[in-house]
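Have a look at the structure that comes next, please.
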Amino acid sequence: MLYAFGGVALVCLGLYGLVALEHMLRRILAVNVMGTGVFLILIASAARAEGAPDPVPHAMVLTGIVVAVSATALAVALACRVAEQEQEGRPEGEVKP
Amino acid sequence: MSDFLANILSHGGVWLLVIALPMTVAALATIRGARRYVPLLAPWATLPALVVALWAPAGVVADVPWFLLGAQFGLDETGRVFLFLTATIWFIGGVYAQSRSFRDHAGTHFFVLFLLTMAGNLGLVVSLDMASFYMWFAVMTFASYGLVIHSRSPSVMRAGRVYIAMAVIGEVVLFAAMVVLAQSAGTANFEQAQLAGVSPDRWRLVSVLSLLGLGVKAGVIGLHMWMPLSYRAAPTPAAAVMSGAMINAALIGWLRLLPFGQVELPVVGGLFTGLGLLAAFAGVFIGLMQRHPKAVLAYSSVSQMGTMVAALGVALQSAGRWQFALGAVLIYALHHALAKAALFLAQGLSEQAVPSRASRWLTQLALVMPALSLAGAPWTSGALAKAGLKSEIALSSSVWSDWLITLLPIAAVGTVLLMVRFVCLSWPGKAAISQQAAPLPAAISACVMVTLSYSTVWLWPNAGPANAAEVASSPKALWAGAYPVLAGIAIAWLGVKTIKPVRLAPNRLTLPAGDIVVLIEKAGKRLFRLIGKQAINRSATPRQPLA
Amino acid sequence: MTVWAFDILALLALVWLAWRAMTARRIEVAVVTFLPYGLLMALVWARLRAPDIAIAEAAIGAGLTTALLIAAANRIRRRSAYERAADTAAASSRSADARLGGWGKQLVGAVLACVVGGLLAAAVANLPAQQAGLSPQVEANLSDSGAGNPVTAVLLNFRGYDTLLEIAVLLLALIGVMQLRRETPGPVVSAEQRHSLVLDSLVHVIVPLIVIVSGYLLWRGGDAPGGAFQAGALLAGAGVLLILNKQARPAWLSARVVRAFVAAGLLMFGGVALNVMWTGRNLLEYPIELAKPLILAIEAAATVSIAVILTMLFGGVLTPHRAPSLQGGAS
Amino acid sequence: MIGVGAETWLILCIALPFTLAVAAYVVGPRANLYVAWLAGLAIPLASAGLCYGVVTEGAIRYAVGGWDQPLGIALHADVLSGLMVLLSAVVGLVTCLYGHRYLGGADDASSRSYWPLWLMLWGALNALFLAGDAFNVYVTLELVTLASVGLVAMTGKAVSVRASFRYLILALAGSLAYLLGVALLYAQHGVLDLVMLGEQLGTDWASVAACAAVTVGLILKAALFPMHFWLPAAHGSAPAPVSAVLSALVVKASFYLVLRYWLDVFPASVTDVGSFVLSGLGAAAIIWGSVQALRTPRLKLLVAYSTVAQLGYLFLVLPLLRDAAQRDAVVTGLICLALAHGLAKAGAFMAAGAMQRVAGDDGMHGLRGVSVSTPVAVFAFALAGISLMGLPPAGGFGAKWVLLDASIASDNWLIAAIMLAGGLLAAGYIFRFIRVAFHTEEFAGSVVTRHRTLEWSAMALALAALLMGFLVEPISIWVANAGAAGTTQLAEVVP
Amino acid sequence: MTASVLMPLIVLLSSLVPAVLIFLLPADRHWLRGAMSLGGATLKLAIVAIMLWGVFHEQTYRLTIPFLPGLPLTLHADALSMFLITLSALLWLFTTIYAIGYLDNAPHRRRFFGFFSLCVSATVGIALAGDLLTFLVFYELLTLTTYPLVAHRGSAKALQAARTYLTYTLGGGAVLLLATVWLYHVAGTLAFREQGFLNGLVAEQGPTLTVIFFLLIAGFGVKAALVPLHGWLPKAMVAPAPVSALLHAVAVVKAGAFGIVRVVSDVYGIETSDQMGLLLPLTLAASFTIVYGSVRALAQDDLKRRLAYSTVSQVSYIALGLSLGSPIAALGGIVHLVHQGVMKITLFFCAGNLAESAGIYRVSQMRGIGRRMPWTMAAFTVAAFGMIGIPPLAGFVSKWHLGVGAAAANQGWVIAVLVTSGLLNAAYFLPIIHTAWFAVENSVNGKSDDHKDAAEAKWPLLAPALFTAALSMIIGLFATADASPLTWATLIMRREFGL
C-alpha cells in the first residue's frame, strides 16, 4: 500500500504542476506524472492480494500507458506548432499561404 | 288623399326617410358630378320631416331591433312639436343659405356639414331610445363644429375650440347619464325606462348627470360659455339653426330622459329651478354688456332657456300636473325657437347691404317683430307662451312657484332690455344700400321666419291649456304682457339718457363674450404650462419621424 | 526490511525526479529527467510484480515519451527563444521564475494539490486490505482464453474490446499529429549530413537486433510477460533510430502502404472481432479452439501497426515538414 | 443473424464509423465522397434501428467476447443511451453533408484528416454512449478527446491550435481524474461493470471519494463552470462542422456519463451537498456563460459561451434527482434538454459557419445585415435560438417545462427562477446577433455566393430542434416504462 | 367527425403553408407571393365562415396533438375563439392587400410577407388554443414572429425598438411560463373550461391561486400593454404601417387582451375570480391604464405614437370589462376585442397612407390634408370618432355595455373613468381631425408646399382603410343584428355564464 500513497503523491505533484506551470512541455510532463501516479495507485492496490496479482489492472495500465503516449505525442506536436506560430509573429494568422 | 298620406305615414319606414334624406343629399357630395347640387337640395331635405310632423298620425313607432342597440323611432306629441320646429327652422335656414353671396362663399362642404347636422337634429327628435338619441345627438354636435368654425378666423377657431370642448364634455356626461339609466331600468327605451320603476336615488343621479350633459347644449348657467362665442362665430344660417333648432335638442332630451309625471324629485327639481332662474337673470345682465348683437342674442337664449329649465324644475317637483305643464313647455319652446331663429336671420339680413330703402325698412321690421315677440308683447306668440307657462307654474305644487311667479315678470323686463339692446346694436344704418346686393332668399326666409314665429303658436293644435288663446287675449293677460315691455322700454330710455352712449357701450361696462371661459382659458394655459413643460420641451426638439 | 528501504527510497526518488522533470530550470534538463523517471518507474512496476508494465514503461514511458519530449524541446529551441513558447497567459504575467506561473497559480496549485492529496490519501487508506478483484475469474477462464499469460488474456480476450479501441486511440493520435505538419518542404538535407558513420553502423547493428527481440516478445507474450505493445514499442525504437539516422524511405514504402501498415492492426483486430459474429457469436467471441491463433494474428498485426504508428508519431513531432506531394506518409 | 436484432444494430453503431474511418484513412481523400454518403446513410440507419429496438424491447445488455460480467465488458443500451446515439446520428448525418460541402471536397488539405477524425469521433461517441464498463468508458473518453482535439486543430490556425492544446491538457487531466475514480472503485469493489458497481457502492469514504473523482473528471470535460475556460476558445475557433459536433455531442458525452453515473452507479453515494454544489455551479454557468455571450465580439464565441450556459442547465437540476417522485420527470427533462441543445447548438454553429463563409469573418461587426445574404442561415440560427431560449414548441421548451414542473413540485423555487432567468439571458444573446443580422441599413456584404447546403443543413437541425418538443411526451413514456420495468435502468440483463 | 378535427388544422395551415411557401419562393416572384398571401387569407376567411356556422350550432371542432407529457396541444374552436379568429382572418385579408400596396418596390418583401403570415398563424393558434399550454406556445410564437416585422426596416432605431419589444414580451413570457407550470402543478389540468376549472380548489389553494392569477395577468399584461408594462408599444411604432396595424389591431396587443379574457373567464371563471376578490386590482390597473394612455397620447405630435398610446388606453377596456364581474360589462369588454381591432386598424392604415403618399408623420404636418386626401381622412375620422365612443360607431357599443355593466356592478367610478377616457380620447383625436379638415394649410412657418404634391393614396392602400372604416360603422350601426360581433359576444357570454 505504500506505493499507493506514492501514487497519491505523484498525482498531487502532477496536479500542482498542471496548475502552476506555464511552459507547455512542462505541463505535458505534469500530465504524464499525474498519469503514472494514477497507474501506481491502480497497480499498488492490485498488488495488495497475496499470490499472483490481479491481471485486470495490469491490462488497464498497459492500455493507459499507450493512451498516455498517444496523447503526449499529440500534445507535443500541438505545442511545437504553437511555439512556431508564435515565433513567426502572426499568432492569429493563417499558417497555410 | 289624407288617408293615403296617413297610410304611408303610419308606415315605420318613413322614419328612415326623415333621417336618410339629408344624409343622402350630403353623400351626393362624394360624387363628382352631383356635388354642385348639394347646396341647392339642402333645404329640401327637410321636407319628409315637415310632412311627417304635420300629417303623420301620432304614436307611429318603428322598431328596428337590428339597429344599434335595438332602436325605436317614432312620433308622439312632444316629438311632433320638436320635429316641426326643427324641420321648419332647418328648412328656412337652408333657404337663407341659398343667397348667392353666401352660397358662393361657403362651398359645398358647408352644406355637407349643414345636412349632417340637420340629419342629427331630426334624428334625435324621432329617436325613442337612448342609443339612437345619443347617436343623432353626437352627429349633430360634431357636424355643427364645422358650421361654427366656418369662417376660420382665429377668433372663430377659438370659439370652435370652446364649443367642441364643451360639447364633448356634454356628450360624455350625457353618456354616463344614459348608461346609468339604461342599467337601472334594464332597457334603453325612453318610455319603458320612465315606467320601469327606477329607484329615486338612481333618478336623482340620472337627472343631475343629464342636467350637466344636456345643460351644455341648453346653455345652463356655468355651461353656457360656448354659446355667445359660437353663435357669434357661426354664419347666420348656422347660428339660426343652432339657436333655434339645436338648442332644443337639450329640451327634448330632458323631456325624454327625466321621469316627469312619474316620480317627484324635489331636490333635483329645485336645482333645475334655481339654476334656471340664475340663468334667466345672469343671461340678461351679461347680455346687456355685450357689444355684438349675436352675443346679445346668445345671452338671451341663455336667459330664455333658463326660464324653461326653471319650469322643468317645477314640473319635476310636482308630478301630478305634468300633462298640462308639458303643453306649456312645448309652446314656450316652439315660440322661443322660431323667434330666436327669426332674430338671427334678421340680424344676418341687417348686416348685409340692401338694394333699396324699402328693403331696409323690411329688415328693420324683421328685427323688431320677433324681438317684441320674445319680449312677450301682447298679441305676440311670446305673450301666449309666457301666459301658459305662468299659469302652469302657479298651479304647480312646487315650493318655488311663488318665487317664480314673482320673478318671471322681472326677467321679462330684462328680456325687453336685452331686445332693445339687440335692436339698437343691429339697427341697419343708412350707408348700407347697394344696388348690386339682392339677398333675396335671405330676405324671404327671414320674413317667412318672422311670420311663422308669430303665427305658429296660435295655430298649433292643442297648444297649452284649451283656452290659452282666449286667456292670452283677455285684458288681464294683455296687461300682464304689456307692462314688462313698457317698463323695459322705459328703463332703456332712461338708461340711454343717463348713460349717454349706450349704443357705443363704454368698455367699462362690457364683458367679453363667453364671460368665464376667459378665466378658464387663462387657468388652463397656466396649468398646461405647469404640467406640459416636459412634453413641450420634448416636442420642441426635432424628433425623427416614425413611419 | 531491505525491501521496505527500497520501496521508500524508490518512491522518494520517484517524487524527486518527477519534481525535477517538471520544474528543472532548463527545459532540456527537465525533459531529459523524464528518462530516469521512467526507468525508475519501470523498476517499481517490476517490484510490484507487473513485468508487462515494466517492459512497456521502459520502452514507451521512458523511451518513446522522452524521445518525443526531447525532440520537441529541440524543435522549439531550434526555433530559438523557447520562453516565448510559454503558454499565452504566461507571456503577460512574467514571474521571476519563468518556469512557474504567477503566485496565484502556484498558490492555487499547492492548495489544490494538498486538498486533493489529503482526500485521496484518506480514500486510499480506507480501501479494504484485501480485494481479489477479478483475478479468480481470470484464473478460471484462462484456459479458454487462448493465452497463457493472464495479462495477455485480459488484454486480448476478456477485455479485448478495450484494446481494440486503444489501437484506435493510437491511430487517432497519429492522424492528429500528421495533420499538423506543414505543407512547405523542410530544409534540404544534404547527403553528407544525412549519413553519419557512427549512427549508420549503430543502426545497421541494432535495428535487426531489435526486430528479433521484438519478435520474441511478441511470440512469448502469449504465455509470459510481453506482447504486442511491448514488441511494437521496441520496434518503434528501431524506427526512431532510423529516423534519427535520416534513413531514406525505401521506394516500396509508399504513403498508402504506410497507411495500410498503420491500419493493419485495427483492421485485423476489428475484422476478427466482427467476423466471429457470422457464426452467431458475440463481438470478439473467439471460438475456443481458434483463440490462440487468432490472438497471435491480431498481436502480429497490432505489433506492426503499433510500431509504425509510434515511429510516425515521433517522426511527426521531429520533422514538422512534409512534401506537399506526399500524403500521410512516413519518414 | 445480422440484420434484425437490436444487438446487431448496437454493434453496427460502433463498428460502422470505425470501419469507415479506417477506410477513409487508408484510401485517402479520394474516398471522401463515398465515405460521407455511406456514413451519412448507414450509421443513422443503425442508430435508428438500435433506438427502435431499445424503445420497443427494453434495455439491451451485450456481453462483448461472450464473457459475462464482471470478467468481460458489457455494452449497454437503454433509452438514455439509445437517444444519445440517435442524437449523434442526426447531428452526424447533417454534419456529413455540411462537412463535405464546408471543407470543399477532396482537394482541400484540411479535409484529409477530417473524415477519419470525424468518423472516429462518431464511433467513439457511440461507443461511449453504449459502454457499460467503467474502464471502457475511460478508453472511449480518450478516443473522444483525441478525435476532438485533432478536429479542433484541423485548420492549423494559431488560435485553434492553441485552443486545442489547452483543451487536450484539460481533457487529459479530466480523464485522469476519472481514471483515478475508477481505480478507487476497482480497488474497493473489484469490478468494473457499472451495474455491479451500482449495486455495491455505499456511503463509505472511498466510494464518496471515487464519486467525487469521477464527477470532477467528467465535469472538467463537460466544461462546467468554472472548468469551462477551455471551451469557448476551442469551440469558437474550430471549423463550423467541428464546432457543431463538439458542442452538440462531445460535451454532451461527458454530461451523459455524469447522468449515467448519478442515476445508476452513485445514487447511494452522492450527497445532497454534492448535488447542490453541482447545481450551484450550473447556475453560475448559466449566468456567467450568458453574460459572456452577451459581451463577446464574435459570433462563434457567442455560440460557444451559450454552450457553457446551456450545460449549466443540465447540472442545475441534478438535485431534483434526489426526489424519487420526480426522478422520471427529471430524467425526461434532462434527456430532452440534452437532445434539444444538441440539435439546436449544432444548427447554430452550422448557421454561423455559413454566415462566416459569406461574410468572411464571424465578427459581429462584419455580420451586419447578414440576413440579406444568408437569410436561411439567419433563420436557422433564430430557430435554433428558440430552442436555446426554451420557447415553445422547441425541444428546449418541453424540457424546461418538465423540469420546471419538477422543481416546483419539489419546492425548488430557486432552480425554477434560474431556469427562467437563463431563458431570458439566452434570448438576450440570441437576439443580440439577430439584431445585428437585421441591421440591413448598413449591410456591406455581397449577395453573390450562396451556400445552400450549408444553410439548409443548419436549417434542418434547427427545425429538428424546434420539432423536438413533440418528442417530449414519447420520451417521458419510454423513461417511465424503463423505470417501471426495474429499479434501475441497467437492471435487466439480457442473457 | 373528420371535419371537426380537420377544420382547426386547416384554418391554422391556411396561413402557415403560405408562410412557408413564401419563404421558399425566390425573392423576385412578387406576383405569386401576393397571390399566395391573398389566397391563404381568402381561404381562411371561407373556412372561418363555415366554422362560425358550426360553432353557432354547437358543433365542436377539436384537434389534439400530443406534445408534453399529459399535456397535448389542443386546438379547440369555441365561441370565444371564433371571435378572435374571425377578426384576424378578416383583418388579415385587408392588411395583406394593404401591405402589398404599401411595400411595393420595398426591399425584403419575402421576409416581410413570410413573417406576416406566420404572425397570423400564431394569432389563429392563440385563438384556437384549447388550454393554457397551447395558448402559451402560440403566444411565444407570436412574440418571435413579430420581431422581424418590428425590426423590418433594419435601421438602428427599428432594431432598438425591436429589442425593447422583445425584452418586454419575453420577460412577460417567462412570467407566464412560470405561472402556467405552477398552475398545472396545482390544478393538474390546463384545459379551458367555461366558468373556469379551479372552482373546487379555491378553498384550499386560495392564496396560491391568487399569486398565480396575478402572475398570469402580468404575463399577458405585457402584450396587452397594461401600464406599467406598456413601454414597448409606442417604440414599436417604427415598424411599417401594416405591421403596426396588425400589431395593434389583431395580433400582439389582442393576444395579450385575449389572454386576460381566457384567464378570467375560462381558467378562473368570472364568478370564481370575483368571489376570490381578484378582479378589483385588475379593474384598477385597467382603469389606470385607460386614463394614463390617453393622457400620454395627448402630448404626442408623432401620429403613430399618438395612436400607440391610444391603443394602450383602448385595449384596457377589454380587461376592464372582464374585471367588473358583471355579464354586461364582460360583454362590452369582449366585443371591444373586435371593435377596437377594426377601428384601430383603420387608423393605422390611414396613418400609413399619410406617410406613404404625403410624407406626413406628425399631427402638426397634417394641416388641411383632408382636402387632398379626403377618403383617407374620412376613414380616419370615422375610426377616430369610433374610438371616442361616438355612436353609431363600434366604439360606442363597447363603451355602452361597459358603462351599463359598471353600473350593474355598482362601480360608479368606472363610469367616471369611461367619461374621462372619452374626454381625453376626444382631446387627442379631435385636434387631428380638426387639423386635417379645417386648418389652413400654409400657416405653419410659411411653408405652403409641405404636401403640395400629395394626392390621395392609391387604391390598395385606400380600399382596406375604407373597408374597415365602413366595417366599424356597420358593426356599430347593426350591433344587434344577427351576425354582428355584439350578438356573437352575447352568445359567448351566455355560454360563459351558463345562462
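The letters A, B, C, D and E name the chains in turn, as written, and every chain counts its residues from 1.
FYI, contacts are C-beta pairs under 8 Å (C-beta built on N, C-alpha and C of every residue); 3 or more make two chains touch, one makes a residue touch a chain.
Keep in mind that what you see is a predicted model, and the values were worked out from it rather than measured.
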item	value
Length of the shortest touching-chain route, chain B through to chain C	3
Most centrally placed chain, judged by C-alpha centres	E
Of A-C and B-E, pair with higher C-beta contact tally	A-C
Maximum centroid distance from chain B, chain identifier (CA atoms)	C
Rounded Å distance between chain C and chain D, as computed from the means of their C-alpha atoms	30
Length of the line joining the C-alpha centres of chain C and chain E, rounded to whole Å	71
Where chain D and chain E are represented by their mean Cα positions, the distance between them in whole Å	42
Centroid spacing, where centroids are CA-atom means, of chain A and chain E in whole angstrom	65
Chain C: positions in contact with at least two other chains	87, 120, 124, 127, 131-134, 138, 158-159, 162, 166, 169, 172-173, 176, 180, 182-183
Contacts with two or more other chains, residues of chain D listed in rising order	109, 135, 139, 142, 146, 149-150, 153, 156, 161-162, 180, 184, 186-187, 190, 192
Touching two or more other chains - residue numbers and ranges from chain B	none
Chain-to-chain touches, reported pairwise for every pair that qualifies	A-C, A-D, B-E, C-D, D-E
Chain C - residues contacting chain A, complex	4, 7-8, 11, 14-15, 18-19, 21-23, 27, 30-31, 34, 37, 41, 44-45, 48-50, 52-53, 56-57, 60-61, 64-65, 68-69, 71-73, 75-76, 79-82, 84-87, 89-90, 98-101, 105-106, 108-110, 112-114, 116-117, 120-121, 124, 127, 129-135, 138-139, 150-151, 153-155, 158-159, 162-163, 166, 169-170, 172-174, 176-177, 180, 182-183, 229, 306, 310, 313-314, 316-317, 320
Contacting residues of chain D [partner chain A, same complex]	109, 135, 138-139, 142, 145-146, 149-150, 153, 156-159, 161-162, 164-165, 168-169, 172-173, 176, 179-180, 183-184, 186-187, 190, 192
Chain E-facing residues of chain B, complex	65-70, 131-132, 134-135, 138-139, 142, 145-146, 149, 152, 160, 164, 168-169, 171-173, 175-176, 179-180, 182-184, 532, 535, 538-539, 543-547
Chain B-touching residues of chain E, taken from the complex the two chains share	153, 157, 237-238, 240-241, 298-299, 301-302, 304-305, 328, 355, 361-362, 385, 388-392, 396-397, 399-400, 403-408, 412, 415-416, 418-419, 422-423, 426-427, 430, 434, 437-438, 440, 476-482, 484
Touch list for chain A against partner chain D, complex	4, 11, 14-15, 18, 24, 27-28, 31, 34-35, 38, 41-42, 45-46, 48, 54, 56-57, 60, 63-64, 67, 70-71, 74-75, 78-79, 81-82, 85-86, 90-96
